[in-house]
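These are the structures in question, set out in turn.
Common to both upcoming complexes is chain A, partnered first by chain B, then by chain C.
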Partner chain A sequence: MAAEDFTALMPLIILAAAALVVLLQSAIKRSHGTALILTCLGLAAAFVSMFYAADELPRQVTALLIIDSYALFFTGLILFAAFAVAIFGYNYLNLYLENREEFYIVLLLASLGSSVLVSSNHFMSFFLGLEILTVSLYVMIGYMRKDHFSLEAGIKYLILAAASSAFLLFGMALLYAETGTMEFNGIANAIGGLVEVKGIYILAGTALFLVGAGFKLAVAPFHMWTPDVYEGAPAPVTAFVATVSKGAMAALLLRYFIAVDGFEYTTILLALSIIAVASMFLGNILALMQKNVKRILAYSSIAHLGYILVAFIAGGERAVEAVSLYLVVYFVTTLGAFGIISLLADQEGEKFMLESYRGMFWRRPWISLAFSGMLLSLAGVPLTAGFIGKFFVLLAGVGTALWTLVIILVITSAIGLYYYIKIIATMFSRVELEAEQKPGALPVAGSTVLAGLTILLLYFGIYPVHLIRLIRDMVLAIS
Partner chain B sequence: MILVWLIVIPMAAGLLAWIFGKSSNLFARWISVLGIGIDLVISIWLWIQHFAGVDPSRTESWLVQIKASWIPDLGITFHLAIDGISLLLIILTALLGLISVIISWTEIQRRVAFFHFNIMWILAGILGVFMAMDLFLFYFFWEMMLIPMYFLIGIWGHANRRYAAIKFFIFTQASGLLMLLSILGLYFIHHSQTGVYTYNYFDLLGTSLGGASRFLMLGFFVAFAVKLPAFPFHPWLADAHTEAPTAGSVILAGLLLKTGAYGIIRFVLPLFPEASMEIATLAMILGVISIIYGAILAFAQTDLKRLIAYTSVSHMGFVLLALFAFNEQATQGAIMQMICHGLSTGALFILVGRMQELMHTRDMDRMGGMWQNVPRMSGVAMFFALASLGLPGMGNFVGEFLILIGSFQANKVITIIAASGLVFAAIYSLWIIQRVFHGEQREEWKIPDLRARFIGVFAVMIIILVVLGLYPRPVIDTAKPSIDTMQKNMEANMQIDLESSGTANLSSDDWMIGVESERD
Partner chain C sequence: MAIIFYISSAVAVLSTVMVITRMNAVHALLYLIVSLLSVAVIFFTLGAPFIGALEVIIYAGAIMVLFVFVMMMLNMGKKAAELESSWVNPRMYVGPAILAAILGIELVYMLASGSNRAAGFEMVGPKAVGIGLYSSYLVGLELAGMLLLAGLVGAFHLGRRDED
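On to the complex of A and B.
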């Protein structure tokens, strides 16, 4: 390996080192505050090192990893999300547990795993990244070890994730058996000449591959774990599961499909379309009946991944652009929404029942407004980033004349309006003045991050030019 | 720049009212009066500058424009422009906006600061809708006005407010998304023909769409028909109007419904002339059904506010009828009707709102014989009920008369049926007067009569309605250049479409030319 390889890999190396540093620190002297600061420093250092790595682009480091602007873009997004989760987690863990420092170690490791995912163009690194991420997630989801729901969610995730990894591996094995290579480009070359002859291996391999990926993305019909895990996991962890683990997988899937030109295979596109339609319908309809905000957001995330798939199916540059933009918007919004739930948690536990939000606007106006902003963004209402995201998805869909999918998207998101609005209506509902007692102050750091997310939400919603340019500069490199 | 100010001033006033109004309700109210008052002054000044004493036969219909780059990567611009029609509606918006702030002075006592923020932002959104000349921007404003409206109904509304607010939001949002699809379709078709990505209205005008035009037109049409509201897209209306606080009802009936009609005038007809022609009969039939069905529903109500809400369906049915008659008289009538309906129905909602504030009921069965008790209020109600039924001498009559003359030329049968709507209007209007103000008192109501504030508001509205009824020239002259341009463009478009479409049309064209040359 040359020195340039190390420069290119710097973000990943720093992340791994930061995990070790936090580990050592907590071995020497436990201190929650120090752990948080070290974590944030590590994330910041990894972020800064990306600018140095940017000089080496694009660079294939060994056969496993490719560091290009696409990888760096998503790594940046992951670091950003991890930072927000660390801050929200700090407030949250302060309320409950004795052993808090380990949380940051697994958080850094999970970020490392996802960064490997978005940088991989080889099945080995893909699986490696995925497992680093998933194993860390087992710990994070079950982190509230005295809470039954958290443990249940952790075990559920463990069993289902392990099974889906098996599917994924088998799919990879079939593809390898057919093509004799595990590199994306190699597979692309091999498939190019083979489709007609032994298509069945490729097809079965890709199908199994999609099952594994579909589980991580939580699209229907692989979505069963989502509501339980979202509900049981601590709110900051839910934010991480909803954003980073799904986003990294979506980014990888996009890279793979572009590389092997998967958009040429109508069978696979048909399967993806069915998955997208099922996700949009199931997610939005099942959310209608829920009274638990975390479960509502879980079902809504299934629907959102369905929207992303619509853009995905469009293929080509438009798909890359729309999927990336939607992911950024979805990251900001989802982090905000779960961030609010974790900020609102107190000694009595998380406030995830819809009832506990009744009349919240009159008690805590700012955070309620932020939450309304997040929900409206999820609903795709103009002025918020979510609208720009949905706009790009529709643009991609209409641009490639996917009329059926686009119309289903419109219908289902109209259904979806109901449950977002229901939460907002609950927050704004009138309460008797006697019931309004002054609530305690919210943690400063968490509130600041939340304010930042809300500003980003409006900024992307009103003036998305910079975001669009950034994405065009960095992401379109792969297509 | 002046157009930007028109939008920014109410927005700023709303923000100030919210931030600084927490400690002083009076501040929130006055800053809102000031904000929308400045808008009113600006818009009237614009009108004086461009129309007072100006030759009405001029050809250039666009008065003021501003164009700035917004999201150049997608061909989206921040493009505002107004012509006569927009200017009339802007003046109406500012006037009704000012009125809604004034009449909420005593009605709204809770969360005053946030209330005024919402009112101001709805008005800013509506003003934006009337000015936006970039389809993306238009959609942006179109949706922007919904959220504060949702809050207005959902927070300050009456008993069933939550249901009404959610219903309103879902109806309008869902139809708006269909419009967004159509906008995108238009965008891509324009690009495939010219290689330019743009949402600019003026660039998109004249795009020849072929077979897609019907579907694209439907997307727009449904969105506007929901707002209008035309049968069968009207179910949200009665709930929203009834449950909203008075200011909300005034803005809904007076302004929000007009955005639907405006959308048809500005976008559906010019962008899709051929497809509009195709559905003209259907749209006129929907208009007639709205007229009659709305009137019947109105007559069946015992809730006074709901009754007035349904009369809107009926009155806006006339507008829909007129717009698809494709001639100048009908269109002039539609614009006249939009303005006068905004004022007369708005006034009726203010009256009901005042009665509910004082009596805590809207049930007509409990009213009756109010005339002895509140003579001033009853007299005002009488006036607006008569205006609403289209009594000659008031603006509404001019509007409906022009509409009927215009659409009679387009479709006789439909117009004759529509004319019966006038009879129904007379029935329900007089019914209100009889049941609420005449007859025996069913309960001993002791409520104060109108005070100076309300008398002032009603006086302004009465004067405008009477002046327009006797001398409608200002409105007609203001709208004329735009209507002329619109018709000219439509004819030109039809010509292009005829030339580019198949041989069957060409042969019929030849045939017509043949006939003409024979005559020569």
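On to the complex of A and C.
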């Protein structure tokens, strides 16, 4: 490997090194604050190193990884999300557990795994990145090991993720059997060279591949784990599962489909359309019946991935732009929503029942306003980032005349509005205030991150030009 | 020679089904060892003797022996001793033994006939594996290290015994 390869890989190397530094530091002397500071420094250093890596673009590092502006864009997004999760996690872990430092090690490793995912154009690095992410997630989801729900969620995720990995591996094996290569470009050449493109191996391989990817994305037939895992996992981890693990897989899927020109493949597109429709309907309708805010958000995230799939199916430049934009918006909003749940946790546990939010506005006005903003953005109301995201998804859908999907998207969004508004209405409903019911102050660092996320939400909603320009500059390179 | 591949594949599938249907953990482990051995034979037939050997040494050897030891040490005491003697009756080991014998016959046949690249692929020896791992797949090797680190930290945290 040449020196340029190391420069291009610098963000990944720094992430791995940061995990080792936190590990060694806590082996010498356990200190929660130091672990957090080292983690944030590591994430910041990785972020800064991206600007140096940007000089080498695009660079294929061995056969496994490609560092291009698309990979760097999503790596930046992952680092940003990991930073927010680390800060939210600090407040949360302070309340509950003795062993806190391990959380940051696995958080850094999970970010490394997802960064590898978005940079891979080879099945081997894809699978290794996915497994690093998944193994770290088992630990993070079950991190509250004295809490039965957390452990239950961890075991559920362990079994189902292992099964989905088996599907994915078998899919890769079939594709390899037919094409004789594991590089995305090589597969594209092999498929393009065949006269009979619709070979059964390719079809079955891609289908199994989609099962594995669909599990990570938590789209409709593969969504069963989502509510339980979201409910049981510690709130900061839920934020990570909902954003980073899904976002990284969506970015990889997009890269793969563009590389092999999967949008030409009508059978696969039909399957994806069915998945999208099922996700939008199931997610939004099942969310209506929930009384638990974490479960509502879990079902809503299933629906959101359905929306992303609509843009995905559109294919071409529009799809890349809309999916990336929607992912950024979804990251900001979901991190904010689960961040609020983790900030509101106290000694008695997380506040995830809808009832505990009743009249919250009159006790904690600022955080209630921020939560309302997040929920309105998830609903896609104008002036919030969610609206811009949904607008671009619709644009991509209309541009390729996917009328059925677009109409279903609009209908299900309208259904979705109801349960978001229900949470907001609960927060603003009048209750008799007891005099001594003075809520404690919220942690400073977490509140600052939350304020930042809320400002981003409004900024992207009101003036999205910068974001769109950034996406056009960085992401469209692959299409 | 393809027949050898199919026979060992059938043994792998059969023994794995037995692993997940056994109620007794030790019985299941015996079948799991056979399952790993059959995968090793498949590696031999595909022209990857080095990986096949590693499969035997690491999986069927080290890891499985560790499993069996832990399993037996967890059940200490008199009752466990009786239980253990009840495990060692011919009925329970005849199944794995037959399957292992099939694999053994295959191996002897392959060695005797001297053609151990059944599926028609080029043979990949230890040297080629080493050069591949430390040159073109170096990044993958490092990533696998990180994967193990994540598993290690997780096992430490989740399996830790409280001091109190």
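Everything below uses one rule, namely that the second predicted complex is superposed on the first by the 472 of 479 C-alpha atoms of A that agree within 3 Å, B and C clash if a C-alpha of one lies under 4 Å from a C-alpha of the other, contacts with A are read in each partner's own complex, and residues count from 1 in each chain.
We take it that a contact is a pair of C-beta atoms (placed from the backbone, for glycine too) under 8 Å apart; a residue touches a chain by one contact, two chains touch by 3 or more.
Fair warning: this is a prediction, and the values are worked out from it, not measured in the lab.
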Label the relationship between chain B and chain C on chain A in the superposed model as either fit or clash. fit
Figure out whether A:I407 sits in contact with chain B (first) or chain C (second), or with both, or with neither. first
So, does A:L24 touch the first partner chain B, the second partner chain C, both, or neither? neither
Between chain B (first) and chain C (second), which does A:A2 come into contact with in this model arrangement: first, second, both, or neither? neither
Taking the CA centre of chain A as vertex, the centres of chain B and chain C subtend an angle, in steps of 10 degrees, of 150
Looking at A:G129, would you say it contacts chain B, chain C, both, or neither? Reply first, second, both or neither. second
Once both structures are superposed, the least CA distance from chain B to chain C in Å comes to 39
Using the touch definition up top, name the residues of chain B that touch chain A in the complex. 70-74, 110-111, 139-140, 143-144, 146-147, 150-151, 154-155, 162, 165-166, 169-170, 173-174, 177-178, 180-181, 184-185, 187-188
Taking the touch rule as given, give the residues of chain A at its contact with chain B in the complex, in rising order. 362, 376, 379, 381-383, 387, 391, 394-395, 398-399, 406-407, 410-411, 413-414, 417-418, 421-422, 425, 428-430, 463-465, 468-469, 472
Contact footprint of chain A on chain C as seen in their complex: 136-140, 142-144, 146-147, 149-151, 153-154, 156-158, 160
For the complex, give me every residue of chain A touching chain C. 1, 9, 16, 19-20, 23, 61-65, 99, 102, 105-106, 109-110, 112-113, 116, 124-125, 128-129, 131-132, 135-136, 138-139, 142-143, 145, 154
